[in-house]
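For reference, chains read A, B and C in written order, and residue numbers begin at 1 within each chain.
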Amino acid sequence: MTTCKRSERESFPVRSRWKTAFQALTLFSFLLLAGCWDRIEVNDLAIILATGIDTKDDQVELTAQIFIPRKAGSGSGGSGSSEASQSGVTMIRTAVGSNVAEAMNRLQRKVSRNVFWGHCEVIVISEQASKQGLRQYLDFFLRYTQIREHAYVFSTDQKARDMLALLPPLERSSAESLREMSNLKLGTRVTVLNLAQSIEGPSRSAVLSRMLILKPASGQSTYTSDPYVRGLSLIKEDRYVKTVTEPMSVGVLMLLNQLNYIIMPVEIEGNEGNVSIRLISMKTTLTPAISNNEWSMKIKVDAKGEVVLNTTSKSIADPQMNTMVEQQWKEKLTGLAKDALMLSQKQLKTDFFGFSGQFRRHYPRKWKAQKRNWDEIFENMKVEVRVDTLITSSGKSTYPQGVPGQGVQY
Amino acid sequence: MALQTEKTQYKEKLTSSLDNNREVLQEVFGENTDIIFHRFLTGNHLSALCVYCSSLCDTERLEKQLLSPMLDGSFAARSDAGIESFTFVPMSSIQTVCTINEAILAILNGQALLLLEDQPMGRAYSLPKTASRAVEEPSAESTVRGPREGFTENLSINLSLLRKRMKTPSLKLITTTKGQYTNTEIVLAYVEGIIDPALIKEVQSRLRKLKLEGVLESHYIEKGLADEQFSPFPQMLATERPDVVAANLLEGRFALLIDGTPFSLIAPVSIFSMLQSPEDYYENKYMSLSVRWMRYFFAVISIMLPSAYVAITTFHQEMIPTVLLLSISRAREEIPFPALVEAMIMEVSFEALREAGVRLPKQVGAAVSIVGALIIGQAATSAGIVSAPMVIIVALTGIASFMIPRYAAGIVTRLLRFPIMILGGTLGLVGMMLGVIVLVIHLSSLRSFGTLYLSPAAPTSAKGLKDVRWCRGGTSE
Amino acid sequence: MLTDKGRISEVQLAILLLPTVLATSILSVPSMTMHYAGHDMWLSPIWGSFIGLIVIGISLGIHRLYPNKTIIQSSLQIIGWFPGKLFGLAYLIYLPHLTGLIIREYGEFIVTNALPRTPLFVVMGTMVIVCTLNVRLGIEVVGRTSQIFVTIITALLLLTFLLLIKELRPQELLPVFEDGMLPSMLGSIPPAAWFSEYIVIAFLLPYVNHKRQVGKAMIGSLLFTTMTMIVTNLVCLFLLGDLTDSFTFPMLIAARYITIADFLQHIEAVIVAVWIFGIFVKISVFLYIFSTTTAEWFGLNDYKPVVAPLAFLCLAYSYWVVSSHPDVAKLLSVSGNLYTLMLLFCFPALLYVCALVRKLWNERMKGGAT
């Protein structure tokens, strides 16, 4: 309709700028129109939730737990949702190769979509595989771009493949059960990065949670089950050496400062029954000392607990009883710690608890000089364990409950 | 008030011959039926001619206030003939007209022109027919708290609304006329003493240079005065609220009020004025602070969200929380389109829906929105054409773009969404960042009447930023 | 006679320098310093910053003696026309090298970490186009865009650090001076190479409008960069411990490690964004300097026409400089650092010495005459 006219003097720079913008735009669009090289639709992804590593005659057997999007979507269809959840939302694919990278390459050939490791938050390594050394796996996990450094690592004495094949009734996938368990801190909570740090660090060892497969309830299919935590797998250098179960694992966790959720029965001398204490918090500190060329370590454990069960006849409210319980608990914890130390120092001769790191931090020069003799020093090191216990609460009740006729007594 | 026209051909003065004047005017207006040439003899026997435009003049008032006193006997009793005698006409708005050009303009402005025999000048009496809408609440910028008056299409009403708010002689209103054919009055308003005099000089010179055939809406002027012709960003703020104009005048800006449109223009502006609502200054400080920050946030959302969704779901799936990725992958499983195409379909149909809703009569508009919501929201997802997360994203961007208080700025965000979406769909987040960089480059080179568009963020001014982050009271300083 | 009419404030210059120095250093410096300095790598930036201080001193000094002239222009007056032109030529040859290397570094980073299948050319080409647009609009726009991006970068980095707090283990700081001071000094070479990039102020000082405050602003900028480097190094050390130098980009690993409430995870895109915004400013600054230097050297009135061809030249250089990613790392770590220090530190220092000698000589002559 009406147009805006501008004088010649003004219109020139405008036009040239417009031209530049147009040229830039054309160039840009050439670059862009050439293609979307990295575009992968979510529909074309095989999202891996967990990875399992087994060995099969000297070869690596890699198992991937893959999410099946279609089955999970039954909710919107509105039919047969219960059946769909029975048949599971994950599947597994396994490939064998001479090393982990090759196995991974072969795995892709068995999956029709782009294998995507970016969401693999759980890595299960069978003890069989870790016996042959974790090095190649660690290098791969920390080098391959997609894999998360924050993925949790578990150990199992069964086949990792079977663990991933599970279809837990509660969680969406066994990967999720494993991750949630790790977050609950039932065992050690070790990420790929932590594992690499502790193996490559001065202590050259690591401790992993050991998972087992729960027997399915009768009538359920073999796969409808959950993994569960049972004990710890100890790694020396980069190889699996030993499994410890309760009570030894409690001591190990305690010295690792990773003991969190536990209820311990404590016997009280001269009393029938026992008192069970739930751990509220525990803090373990290591203090190294070198005097007269004698290396020693002080371990101080602060434990706070709450009484959850009292089957003795005495009241926890009684200060004498309280001290006694604390004393007994202390002895129990000290015993556990000593056992764990024994295992570490004498039996396996491995520094699981990071003593060496402490010495390195506090005595860098001496550590440097004696680095080569560390194994010897460690084996003969004097370790002093001091446990402080405190019962902070006796629960809802004061006097023992359920004692027949107790109410009449007073 | 000095009137000017674009045309310069009627420069000659009115002559003292009444017939001559009449002939010239009749030649100019030709066969126009609404221009009335009324010849009569006044009470003191002077030959007179009254020319007026019957469609613009209030003929009843003309008869009563102008013609009848002139023909009246009392007027006749006056012996002093000549132009001075017209001062006895009981009217206040009288203008002396000396040239043909002025005469034409006066007539076209709705004034009644009175010419006398032997007088080389005429008088123009303002007798406007008030065919204008009453002062109503501004529909495009409503507030909960604050004045409810909005500008109308009538310039004099608008000026009165502004004057009413600023009772000071420092408020200057300077009128010019633009448009070769429309001869639209434009009033430049500013407060002397607050505004930078150089700015006023700049505006006046730009206005002088501006050649337009017609001015039907404020954007005709805005387009002509803008620093950067090809920027999608509005370089002047269009508002229909007199209180916004007043507040901005007090902050050292100028305003252009244009006859025939309720929208007046304010400049210089920055990008932050586009994201401010007048209510920010009328409400509790903390309330408006949080609302303002929310607005900034949603302005970013409305530009970036669809592209971020496309980029992340097709390039950087590891960034999505696992559980969310699983549900997205479930929702997308049956979708035949790539995410970029899906987003384009949805965004375009959303824009279509919005446009349809705006243009249609109110009664039909509701039906459109129902159909649209059903089609886009429900049917499309259950038919597996678009995924539910995409619907949420599009809805959220839609809401976000409506949160921007200035309509013109909202359009920009909707426009910019598409190129950034394409960038995000081809190069992922890297592409998006490049888009953002280009946007920032453009914004930092943009000026509105010499003021940087990004000020006070860059170049940084602590005092200015305070108003961006907090809300400095518009009139308290 | 300057080739750009725009002027920036001293604060803008200071802000402009932050990403110029930090953009590439945030990602690769922690690993490089760790390589030499071990646990004491967080100290290295402090030693390195002395180079920055000296370089700032040199630039300000030359500018004080020859006000409103870039280093290229003043070199003609200090050491004569022919040597001066040679001096300028050295930079004409060096600057595309450096700019090309930065572009290549950006390309390699994006290709390995974000877009593995996208051709390098597209990644680098798009960035170069964007930078060209920026530079063509003049120093004012470069200054303003850098202000915006520095704000974003700072916010994003702070966010990353805050989210990581949970995972940090400050005990990794110990032992300090495991092998004495020397390693941390050695480790300061890579940061020093970055700090020597402060020499760009010698090219940009004429464009600053409040010259009095420049010194203060520069020191502030230097403090900020040093602090950022220290904090970055500390965060990497506290999170990755001894493994820091086993990763190419430790800060990226750090960002990937963030997991907050199972929702905020894998936010390495934040670091990628920091990198892109930062490198954009950095490339723009060097491209700007390259363009103005070229224009000055050839005696042009306006630098704008040469921007696009030079940008393309830099893009071509980015292919010629190195052939693969390990090469980039190699060049950056040993020879590259010395090369950079040579041109960004030694040459200007020599020039300053010449300028001082000349000034003394002139004064002596004057004194002799009277």
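The rule is simple: contacts are C-beta pairs under 8 Å (C-beta built on N, C-alpha and C of every residue); 3 or more make two chains touch, one makes a residue touch a chain.
Quick caveat: nothing in here was measured; it's all calculated off a predicted structure.
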Checklist entry - Among all chains, which one's averaged Cα position is nearest the averaged Cα position of every protein chain shown? => result C
Checklist entry - Among the chains, which has its CA centre at the largest distance from chain B's? => result A
Next on the checklist: For chain A versus chain B, what separation do you get between their C-alpha means, in angstrom?
Outcome noted: 63
Checklist outcome for this item: For the pair chain A and chain C, the C-alpha centroid-to-centroid distance in angstrom is 41
Checklist entry - So what's the Cα centroid distance for chain B and chain C, whole Å? => result 47
Checklist outcome for this item: Two or more other chains are touched by the chain B residues 315, 318, 322, 427-428, 431
Item to check | Per-residue multi-chain contacts in chain C, two or more chains | outcome: 114-115, 118, 122, 126, 133, 265-266
Checklist entry - Hey, what residues on chain A touch two or more of the other chains? => result 38, 118, 148
Checklist entry - How about chain C: which of its residues touch chain B in the complex? => result 9, 11-12, 110, 114-115, 118, 122-123, 126-127, 130, 133-134, 137, 141, 143-145, 147-149, 151, 262-269, 272-273, 276-277, 280
Checklist entry - Which of the residues in chain A come into contact with chain C in the complex? => result 20, 24, 27-28, 31, 34, 37-38, 118, 142, 145, 148-150, 191, 193, 196-197, 200-201, 360-362, 364, 367-368
Checklist entry - Within the complex, which stretch of chain C touches chain A? => result 112-119, 122, 125-126, 129, 132-133, 136, 171, 174-175, 177-179, 240-243, 246-247, 253, 256-257, 259, 265-266
Next on the checklist: Using the touch definition from the top, list the residues of chain A that touch chain B in their complex.
Outcome noted: 1-7, 10, 14, 17-18, 21, 32, 35-36, 38-43, 45, 47, 49, 67, 69-70, 72-73, 76, 116, 118-119, 121, 146, 148, 172
Checklist entry - Touching chain A in the complex: which residues of chain B? => result 179, 209-216, 220, 223-224, 229-230, 313-315, 317-318, 322, 325-326, 328-335, 338-340, 382, 422-423, 425-428, 431
